[in-house]
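The structures considered in this document are given below.
Common to both upcoming complexes is subunit A, partnered first by subunit B, then by subunit C.
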Partner chain A sequence: MDSAYKHSPAWNVSWLFVLLAGFSLFFSDIEIISLEPWQELKRLFMGLLAPDWSNLSEIGEAFLQTLAFAILGVAGGSVIGFLLAQIFHWRWIQVSCAFIRAIHELFWALIFLQIFGLHPLTGLLAIGLPYAATFAKVYAEILEEGDKSALQAVSLDASRVSTFFYARLPDLWQHFKTYTSYRLECGLRSSAILGFVGLPTLGYTLSSAFMEGHYSVVWALLLLFYLLIATIRYWVRPALLPIYIIAAPFIVANDSTISFDNVQRFFTEDIIPAPIMRGESLSESWHWLSDLLINQALPGIANTVVLTQVALVASGILTLLFFPLISTHFFKPAGRTIGHVLLVILRTTPEYILAYILLQLWGPSMLPAIVALALHNGAIIGHLIGRYSIEIQLRVDASRGLNRYFYELLPRLYGQFLAFLFYRWEIIMRESAILGILGIATLGFYIDSSIQELHFDKAMILIFITALLNVLVDSLSRYLRAKLRLRTNVDCRATNDYCTARE
Partner chain B sequence: MIQLQSETASYHGVKTLHDIDLQVSKGEKLALVGQSGSGKSTLIKLIYEHYPVNTALVPQDYGLVNNLSVYHNVYIGCLEQHSTFYNLINLIRPKADQVEMVRTILTGLQLEEYLFRPVGRLSGGQKQRVAVARSLFQKGLLLLADEPVSSVDEQQSKVVLKQMLSGFSTVVLALHDIQLALAFCDRIIGLEKGRIVLDSPAEALTEKDLLSLY
Partner chain C sequence: MKFKIFLSVLLSTLILFSNMALSASPKTLVFSAIPDQDETRLKQRFGDIAKYLEKQLGVPVKYVPVKSYAAVVTAFRNNQIQLAWFGGLSGVQARLKVPGSQAIAQGVEDPKFHTYIIANHSTGLKASDEFPKGVAGKTFTFGSKGSTSGRLMPQYYIEKNMGDKVDNVFKRVGFSGNHSKTIALVQSGAYEVGAVNFKVWEKEVEEGKVDTSKVSLIWKTPAYPDYQWTIRGDVDKEFGEGFSNKVKAALIGLKDPDLLGRFPRSGFIEAKNSDFDPILETAKSIGIID
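Our next item is the complex of A and B:
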């Protein structure tokens, strides 16, 4: 007999995370430093009233570059990922892919900038490499979980390749297509923010417009970007893709050449730890390393974890506020339309751009980063949970308003909510690290500073530590999902839900 | 209590009830009998739509929340009678007096040992009794129950029906079990292809009379 009321494990875990986030808040600097933050925010939104399209050739060029890098990077990544998926059962492939995935596109861009300079290869590899690793994993999962009955019926003499094309691909094609086209949308966001480290894409134009205070140009760029993403299914057509792929190399091409001296120096000098290059003794090397770990890695890790945990819980809270906005159980069509528009804007804007804008307005502290991560991720999961909630059938005599929210819907959706949130934990951590480039003291800040000081050896070690941290959080998330028996439908991969939650 | 005059109803766009004339006075215990598809469920829904106030409902699919405890699922019956704040506190920390009231109802349905167990971990028959418990907790002038004992065994069916009939003065039950209908109700309505084909006091009928409906 259950004599006393006990809360569910999901409830206890949730509170653990909330307490952890509350504790983390003590160690984070949350303040608005700029003198007139709301004045500036007002000026920003005034820009929305009159977007400035006068610089059409510059805007057009930024978008062409953004598109071309995204299309080439994602196309290359998907082909390589597809080949890797065939041998994904090899343990070392899985480990290498997990490691490559754990490093954010912007960090890859910083690395390749040192090797290839502003040659287009930098942008292509920065997107293509991590995307290939992600494609490998998800394609392998699709192959693994797909229906294998047709495969068993094929004669053993048939070649591997023809077996694949006849017995497997037709059934799985839709899954591959859905996932790949979703990743193209992610690729557009990745490509856009590569501009922040100097590539000629949207981020570059956006940050220069922002710095000059041309908010109406900022809005022109953002509005066009929303339009591009919103219409993606109209302009991404199988018949058009070959044309895009042929045209893209001509767009990204520029005059810069690869200096092989640079490449060689990078691998043989730049990234070799300084004490080894100088042939110092073991104790001197240890001193160098411990100095790096204690003064850079440790505070970087601490701040990254603090930001991640606060942003994770804030994303969860916003999700719970956002999802009713688009749910048929709470609002009529007119109200839901407003909810949809809000969520589409928040999830389409890359969190890096959101953080950049808020940081310019409020000054450097963790607050803009927390708000940006929470808005973006809350909108993504809120959208998924809202759509999921529509499937729930309530009794005709079901309660309304808050009673309905807390007694009928929340208990039914909570498992799904936690699963999606834990899926995004690792993504939030990757973003937390990268937002350091904007000046918040997470790992990205120390990595970026090391690169500025031309200490690539230090930067590589810090990037390595960042990747390890991500892999750790990923396995922790997997452990918790298994422990709490949180499962999302495998079938929902056919829709965009799975991919959006997983990235 | 209930007055329906030449009512029709459709289900998924198909007309399932035709020319329904039905008067039920306070205190009557009605059984709706007939083949599946004869319109019993639709008639229950129709009555609910006309008389939603002070009416407790046991729908065929229960509408329980699997991740909430039995206690909370029963308590949902009374959400509207308390402030939202009170309901939220109760969700986090069950109120002792409410727990006692729910416990009494569950004892009558042989469910008391599952008071704080999540509904998702109960068997089908147990879930059905939780749905009944919710209606008993809700109280009201009228009980509408759609096959409320289809998943419980014979002995328990009798216990459950007795509780429902003593908890409400006016009761309308959809029942496919003729024996139970004759034993527990005082008026039998026979449905066939969406029409009322029989309306008679229970004591004037035998099992044989009803078998023709099936």
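Our next item is the complex of A and C:
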């Protein structure tokens, strides 16, 4: 007998993802390898009690570098992104931007390290390029979905440029500003983690200190980083920006030089597949390629997908646990403050650093990566959903506690929750790939190995595959959002939230 | 308006910035070293070597810290450093990439270098002359992916003795990053077995940094050539005729035990490119070099 009751598509999709994650979990490698992980965790928190500021000049230098690279990278990216947004309706621009975005900053840094070495251009491009592609897309969306009523008052013979500056920009300026300053915060995180591959930013000092177990130094760096991000709205002011932008080049400048020969060599020798360079036959080339695909790309893809799916569902579960912490429907101001502090710390710490910390403590299985991704993303979406929940007006006699959570709020927030989670899907996948550099066998592991063995041809093919995988997940996520009719339009206030979730 | 100001400021700074990069003085000898030990101390380790070389050579000498083995090779190749303290493998890679570059000096210990296989006490593995086949099925960590003593040679000897790929021999294979970290990880039990540069092991044991009741040496590889100083072939053109010989003499003339302890070596002797041919052959047989 057919039941008259039908589950909603959102319900079905949710369970499909949960089942997929459960299935993936079966193939994932999630053990704690260290014999005394809690001992190490205890040592880590003892470091928090006595942060070591003694090496202030080195710490200060790392922060200046982090700031300077972030400011220049984001500024350059936003200008180029803004220009690209004007021609974003061209299909090939959209496709190239999607592709550039799909490659993580750290991979870009590894590529540019080969071309420009220790020159600051490596860091600037590693941030600037993917950021320009993201800016182009989001700016174009803002342009498209923003208020167009002023256009009707413009005379027909007004030039395009003046139409833009007088009829469009004033209405949209706030959106651009909000989003750009949010991206500066992301840029600081990106700039910090570039240190892990050798740029002189926070990650450099942090990873060295961590490797040697100098936890007091680790905490000094992390606390300062939280402070920097938490006070961002006080020190990022339109009037101060030109000063920063003028000062930053002097900070990042070093005396290494770049030569055009290196650039040329990279494109004409380094990344050309070895069998082609050696002029080998087609069958030998195929052997080379299939060896790469079977022994590196396939296991890398499988692990990346497994990690992504588990982390995505874990992020969702944590979101549902986190959002009541900052919601007026559940906690009094004192309780909410604690919730806010927790969520701010979790979302300020880049997932790469969180994963790095947990890996040092538990050893290199997938577990630290899952926990890091879930905590970071759960905190971001939890924060957004928490804020949405505040706007929901409940009846005075509405139920309380668990009943309120399950019968009043969750049904009203679930669509928004899924929309945000699907936005983060592609980001989680990009991070899953990159965490391989830390030793988990996702695509990043094989890419890093190829680069360490100076096989840039292999690395480029693997990076290309990683990007394709990302583009695929991105379109799948767009398809699901459309199918489930999850809200994707950006009204005025939502722009910021939308962008936060979208990155 | 604001936007235009912003744009013009940005453009002018970019121009300024690129000028600064171009006008940098090229007459400083820049060197680096593979980050094989405690990375927080790289500057302390090599900063004084720069001072020593500067005094001997009469040109400004600068040390730049680099985060990975591959990055040192890249910097050498891009002429951002002209001199480097390489491992056997990174040196071979660098000289292949930069024709004309020369190995000029090596540590007294380097022609007969060893890798120690070390194990956590919980494995019950004991020191032996025979390859300890009991390592099969344990968790295992190399050092850095690009290391000779921490990766290339141990992988070669393990695969030779066990007749299988390391991935199949061990339950789990990791890369600790450097030799001091390998010792720490095997000592803490995060990995049961590891491969470490014998000089770093002996130095850390001597300094009392190793708890030998928890981690001990179980096997030693046959001897192979390892670290060396390599210099670019075009330095004579850039810094004057005979410059690479001057650098060579300065390195071989380095007698200060404190400075030598930074490497750690008892002294430096002459080296030539062909000394490292065995490394090249091994790297080819494992597939690290095509």
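Annotations
Simple rule for what comes next: the second predicted complex is superposed on the first by the 492 of 503 C-alpha atoms of A that agree within 3 Å, B and C clash if a C-alpha of one lies under 4 Å from a C-alpha of the other, contacts with A are read in each partner's own complex, and residues count from 1 in each chain.
The definition used in the following text is that contacts are C-beta pairs under 8 Å (C-beta built on N, C-alpha and C of every residue); 3 or more make two chains touch, one makes a residue touch a chain.
These numbers come from a predicted model, not from an experiment.
Steric overlap between subunit B and subunit C is absent once the structures are superposed on subunit A; the two fit side by side.
When the two structures are aligned on the shared chain, A:197 is found in touch with subunit C, with no touch to subunit B. When the two complexes are superposed, the chain touching more residues of subunit A, out of subunit B and subunit C, is C.
Of the two partner chains, subunit B is the only one touched by A:415; subunit C is not. Shared-chain residue A:407: touches subunit B; no touch with subunit C. In the superposed pair of complexes, A:20 makes contact with neither subunit B nor subunit C. Applying the stated contact rule after C-alpha superposition, one finds that A:397 touches subunit B and leaves subunit C untouched. In the superposition on chain A, A:5 makes contact with subunit B only, not with subunit C.
This overlay, made by fitting chain A, leaves subunit B and subunit C with a least C-alpha separation of 42 Å.
No residue of subunit A lies in contact with both subunit B in one complex and subunit C in the other.
On subunit A, the positions that touch subunit B within their shared complex are 1-6, 8, 393-399, 401-403, 406-408, 411-412, 414-415. The part of subunit A that touches subunit C in the complex is made up of residues 33-36, 40, 75-76, 79, 113-114, 116-121, 169, 196-198, 204, 207-209, 211-214, 217, 238, 241-242, 245-246, 248-250, 253, 255-259, 262, 274, 278, 363-364, 439, 448-449, 451-455. Residues 2-3, 5-7, 9-10, 13-14, 16-17, 20-22, 24-26, 28, 30, 38-40, 42, 62, 64, 66-71, 73-75, 77-80, 93, 97, 122, 139, 144-146, 172, 174-175, 177-178, 180-181, 184, 188-191, 288, 290 of subunit C are the ones that touch subunit A when the two sit in their complex. Residue ranges on subunit B touching subunit A, taken from their complex, read 45, 48-49, 52, 55, 57, 59, 61, 63, 65-69, 71-72, 76, 79-80, 84, 87-88, 91, 93-94, 99, 113-118.
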